[in-house]
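One chain, chain A, appears in both complexes that follow, with chain B as partner in the first and chain C in the second.
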Partner chain A sequence: MARYVLRRFLTSVVLLLLSSILIFLVMRVIPGDPTLTKLGGTIKDVDPRALEAIRHELGIDRPLPTQYLNWVGGILHGDFGQSYFSQFPVTTLIGQRIGATVELAVMAMLFGLAIAVPAATLGAIWRNRVVDALLSGFAALGMATPAFVTGIVLIIVFGLKLHWLPTQGYVSFQNHPFESVKTTLLPAITLGISVAAPTLRILRTSLLEIGSASYIRTAQGKGLLRRQVVVRHLLPNASIPALTTVGVIVGHLLGGAVVVEYVFARQGLGTLLVDSVFQRDYGVLQALVLIAAAAFITTSLVVDILYGVIDPRLRVNPET
Partner chain B sequence: MSAVNPTVPLELPSRGVRDHVLSRLLRQPAAVISLVVVGLIVLGTFGAPLVAPYSPTVSDYTRLFGPPSWSHLLGTDEIGRDLLSRVLYGGRTSLTVAAFATVISMLIGIAWGFVAGLREGWIGEILMRIADAAMGMPAILLGLVLVAAFGASTLSLILILGALFAPATARLARSTLLAELRSEYHLAAVSVGATRTRIVITELLPNTLPVLLARASLVAADAIFVEASLSFVGLGVQPPDASWGTLLQQGYTNLYRSYWYPIFPGIMILVAVLALNTLGDSVQRALDPSRS
Partner chain C sequence: MSAQRKVLVVAMLLALLATAATVAVTSAAGAPATIKQTTAPLAACKKSSGTLTYGIAGAGVSQLDPNTINFAGQAPLQTLLYNALTKYNSSMVVVPDLATSWRASKDLKTWWFNLRKDARYALGRPFTAEDARANILRVLDPSVPSQARSNVQDIRSVRVISKYQIRIKLGSPSALLPNALVDVKMSDTADVANLAKSGNGTGPYTVSEFIPNQSITLVPSSHWFGGKACIAKIKFVREPDSTAMVTDFKGGNLDMIWQVRPTDVPAVQSSGTYFLQPKGVSGAHVWEVDTTSGPFSDVRARQALNYATDRATMVKAAFFGLATPSFGDDLISATSNAYNKNLKGYKFDLTKAKQLFDAAGVKPGTTFTFWALAGRRDEWITMAQILQQDLQKIGLNLDIRRSDVSTWLGKFYPAGKSYPGYIIGNYFSMPPNPTYALKQGQFGSCECNWKNNTFEALAKKAPGVVDLAARQKVYDQMQSIFSQAAPVVVVAHQTNIVAAQKRVQGAWEDAQGNVHLEDARVAG
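Here is the complex of A and B:
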């Protein structure tokens, strides 16, 4: 087990390093000069000495390997570098925005699970064509609907027509917990639906797979009620493959947060990311993407280790 | 001396399997419906000059934000252009981007996966680790980074989306290839002395193609989805070009003036993605009936 954990851990570190190199290199092949964004002008009006000074200050006049090592070295000390656009350190900018995103992600995950888990369970209990068609229909529809379309529909219904909920902005949780949850409700439902669909789909497939296992047939054969079979035999065993959904959920949360925050004009990390692309603020951009990649890789590491704990077969041959 | 020709006895069973798959595909109502829907969307958008009731660029300043009516079925936009025509013409951009991106990602992905599968050892290992690193991020995030790097335009969007979906295709191509390498027909082809290139082109490629075609349908759906997402936040297709994503964004900006404006491009994205996803799933199901 220790060997399995160690091997998985090392793979993740290598993966994260590769991702960081990939992000760093993509940022450096960019045509055009990021220092110009800082000056907000075109190259011909700028004093070349001022340009040199800024390039030196940002450290982008040094050779690429040095720049990369400085960047990674800084991150290991908790310093994500500086925004090219504003004067703030990236950590300050992220600190201001992270609350809105974390609150959205947590609530969206709760919504998503609250839809997907009971739906998949009920689908396993009442196995007939109508329920099956409804569930797979919902999953397919949910996966095909971009979060911004769901978001716009919710804004029209609950904001424009019914005037029940605020549709724009964000209030910090520390200052006004109630208002904060209220502003997060619509975005969280939007993101929750787009998380629920793939989760439901995976849960359903694994429940169906386990449903045809021989021990389920035995349980049915000895005369247990359908409900008893599901609760005592099916669900505990289905919880193993259900772990896979965690990775899927985190992936959808990270990607979906960008558009959902944009639709609801939320001051979170997603809108910070979009802004930094518009402003060509590579300092912020590379930090945000690296954090997203780290979150994703860490999640799959934890999931894989849990897998190994639950199912010893995977420790020997992780490819299966 | 046809008995000496090694391809004759080897090709027969695979052709039989393919006919079987096609008939299994066409027996699924969902597959037929989604094929028809995809066909209609392609006809409607690429036949837009024939189908569209108005020019997508001519404005009627007497009808700004017109509601759906008999003369303008989907209403009009902020400068009085017919929305149905704009949705049809915009679909052209969306589908063109998706189609080219799919072709690019399939070509890169298949080459990548095949090289990785055929050259096991450190070359294959490195190629797959690069794929893993690229897949370590959600598509929209990586897409945003690439847009920041290469700029937002229709052409760069095609290249970016093509690159974005290549790693996952490479992984599938490799695993499908590895399964085929263990098959008896491959062993037979090797034992009659066929060259590696010949085996890849005449044996392995045709036999992995159905799986890869299913993947292509799913890639096209993802490409439409991500293109719309990027265009929606203003980092995809740029004006004056319009796609479903940019129409949705314009509709979203004018949501408080006319709420039906963003609905129709939204529905088009949904229907196109749903049909392509269903088609891909149906092909997979036809290939492997044990999947539910």
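Here is the complex of A and C:
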């Protein structure tokens, strides 16, 4: 088990390093110049010396390898650089916004799983009945509808028409827990639906597959109650493909959060990412993409390790 | 059909019906709204109360250095956080701000400014003549990208005469130095490294919380020389787009919104809202072309483009009638007293456009590219589509493209770039004074790369002409030269449409489209 974990860990480190090089190079290749964006097009009579001064201040007048090594060196010392525009350290900017994203992701995940797990179980138990058809319909609709459409409909109905919930902004949980939940509810439902739909489908399919396995028939033949069969035999074996889904969900949450945060004007990491793309704020953009890559790689690592924990066969012979 | 399939079909139909119902309920319709006047000036406040939430769509405030701002949406912060030596009042007259009085030498090349003695920065440090000098010199520093420099670049020296008096010497006579200094804000240059983050000024408010590109919260400054700021908290929030901003305004979550799209005006208007009415308009929607590369290096091609621009239809379709067409192709609005009424102008005439394009060597089948911003200024796309249809009638094509702001800027900014065959949609936010508005046409300022020596000489002469009638003659000449040369197609003059809930009083908008909240208060 220890060798298995070590091997997966080293692979993850290499992946992270390659990601950092790719991120750095892609930022430099996309068109647009942060120098000009900093000027905004409103400043006339631009002196070439002003442009030079800005480039030097941003550090983009140095050779690319130097820029990369400076960046990586800073990260290893905990310095992610600073925004080209606001001059805030990247860590400060992330600190200002990470709460909003984490709250959203956690609530969306809880909401999504709270729907998907019982729904998938019911669908597997009452296969081909009306309940199963309705749940499949919900899954199809949830997967087909883009998150921003769901979000806008919820804003119009619950925000504009009924005035039940706020449609934009963020209140931190520490400041006001009740208001925080209120401002997070609509975005969490929006993102949660897009998480629940694929999770429901995958979980239901895996439950059905395992449900027809011989050891399930044996368990039923032994006289175990249905609840006991589902909890002791069905769900644990269905959890392996579900774990894979968790990895997919995390990626989905990261990407979906960008769209949902933008629709609900929520000051999270998603809006920070989008803004830094438009502004070509290399410092912020590189750090955020690297953090997202690290989050995804870490999730995959944890999932791989959990595979080994749940299924001992994978520990013994991980390549099969 | 299986039960499962029936359920799916029913679910899809229900979803379609819900979407259609939502669209029907929320679609805007009706004639353009009546724009109401601002409220009259109010008495000073005895205490700070209430909260004002101000919505900006599309982009946010990224930094707080007042002399290097690059986003018009943060203009209210310039007068909430900072002061200058002079300022405009709501009648667009230059009045004292941190300077209590000023005088000029007879040749208008030397000016003395007396400063108020009770001004302090938000962190408590007193404002003195040294700070005034440091800020002016910083704006003049060519390595500092300041939007205020072009109006003060003729300053040759700034000297501290006493703790509260400075002397400024100019290279050429100028009767308009007090106007030019309105945009040079007195920031805390003792802390330049933190200027972008701190917002430390002498204004009525100070920064309580700043999340770049997202929100900024202001509270009254305890060191403000003007007494009590009227509002207990002002929050600027960034909305993802205009639709979200309007939705939030209608839902009561925002008290004011900036740069409302003309097509959203009927949706925004209600008995509980009003629009700010600026005194005059000095901003213009323009199309820039490169006058140094083909085909628009030929003045006939530029004039042809003007004749092919159906301004009346564009104003009706894109601006809902809420703009002034610039038939004279003039940087000065036709509603301004300084407008040259004798301009021949360019009435929409496709036959003449075709003749001029032919004379300029623009062959049938030629394709121009219209370059616009993504996510903002939808009006430009409407105008471009009208131009596209009209050009097709005379055998020419227009490819319309939208890009994010960095890519959009990279094509033509700063001045000096070559972009043959491109027509760039842009907005000139010009100062209200005609001298500074016409500077937009000067070489180095205009991305059109146009240079006319007579125009340059007149631009240099104008500030030094004291007699208003004589100065108007200079303006008339400049407008005539610009109109004939047509380096830029000025389509329409329009300023920002700003809506407010009726509980907001005392806010006003200047001719440049900048919103002023320093005297604002909220009722209830």
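Here is the rule we go by: the second predicted complex is superposed on the first by the 288 of 320 C-alpha atoms of A that agree within 3 Å, B and C clash if a C-alpha of one lies under 4 Å from a C-alpha of the other, contacts with A are read in each partner's own complex, and residues count from 1 in each chain.
As a working rule, a contact is a pair of C-beta atoms (placed from the backbone, for glycine too) under 8 Å apart; a residue touches a chain by one contact, two chains touch by 3 or more.
Keep in mind it's a predicted model, so treat the numbers as computed, not measured.
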Partner chain in contact with A:205 - chain B first, chain C second, else both or neither: first
Contacts of A:194 with chain B and chain C, given as first, second, both or neither: neither
A:263 touches, of chain B and chain C: first, second, both or neither? both
First, second, both or neither for A:293, with chain B first and chain C second: first
Partner chain(s) touched by A:278 [first = chain B, second = chain C, both, neither]: both
Which of chain B and chain C A:141 touches, first, second, both or neither: both
First, second, both or neither for A:19, with chain B first and chain C second: first
Touching partner for A:156 - first (chain B), second (chain C), both, neither: both
Which partner, chain B or chain C, touches more chain A residues: C
Shared contact residues on chain A - chain B and chain C: 31, 140-141, 145, 149, 153, 155-156, 160, 262-263, 277-278, 280
Complex contact set, residues of chain B against chain A: 129-130, 132-134, 136-142, 144-151, 221, 225, 228-229, 232-235, 248, 251-252, 255-256, 259, 262-263, 266, 269-271, 273-274, 277-278, 292
Parts of chain C lying in touch with chain A, wherever the complex brings them together: 3-4, 6-8, 10-12, 15, 18-19, 22, 25-26, 60, 62-63, 68-72, 142-147, 149-150, 153, 193-194, 196-197, 211-215, 237-240, 244, 247-248, 250-251, 253, 404-407, 409-410, 413-415, 426, 429, 439-440, 444-446
Contacting residues of chain A [partner chain C, same complex]: 31-34, 36-47, 49-54, 83, 85-88, 93, 96-97, 128, 130, 132-134, 136-138, 140-141, 145, 149, 153, 155-157, 159-161, 163, 166-169, 262-263, 265, 267, 271-272, 275, 277-280
Interface residues, chain A side, partner chain B - complex: 14-16, 18-19, 22-23, 26-27, 29-31, 140-141, 143-146, 148-149, 152-153, 155-156, 160, 205, 208-209, 251-252, 254-256, 258-259, 262-263, 273-274, 276-278, 280, 282, 285, 289, 292-293, 296-297
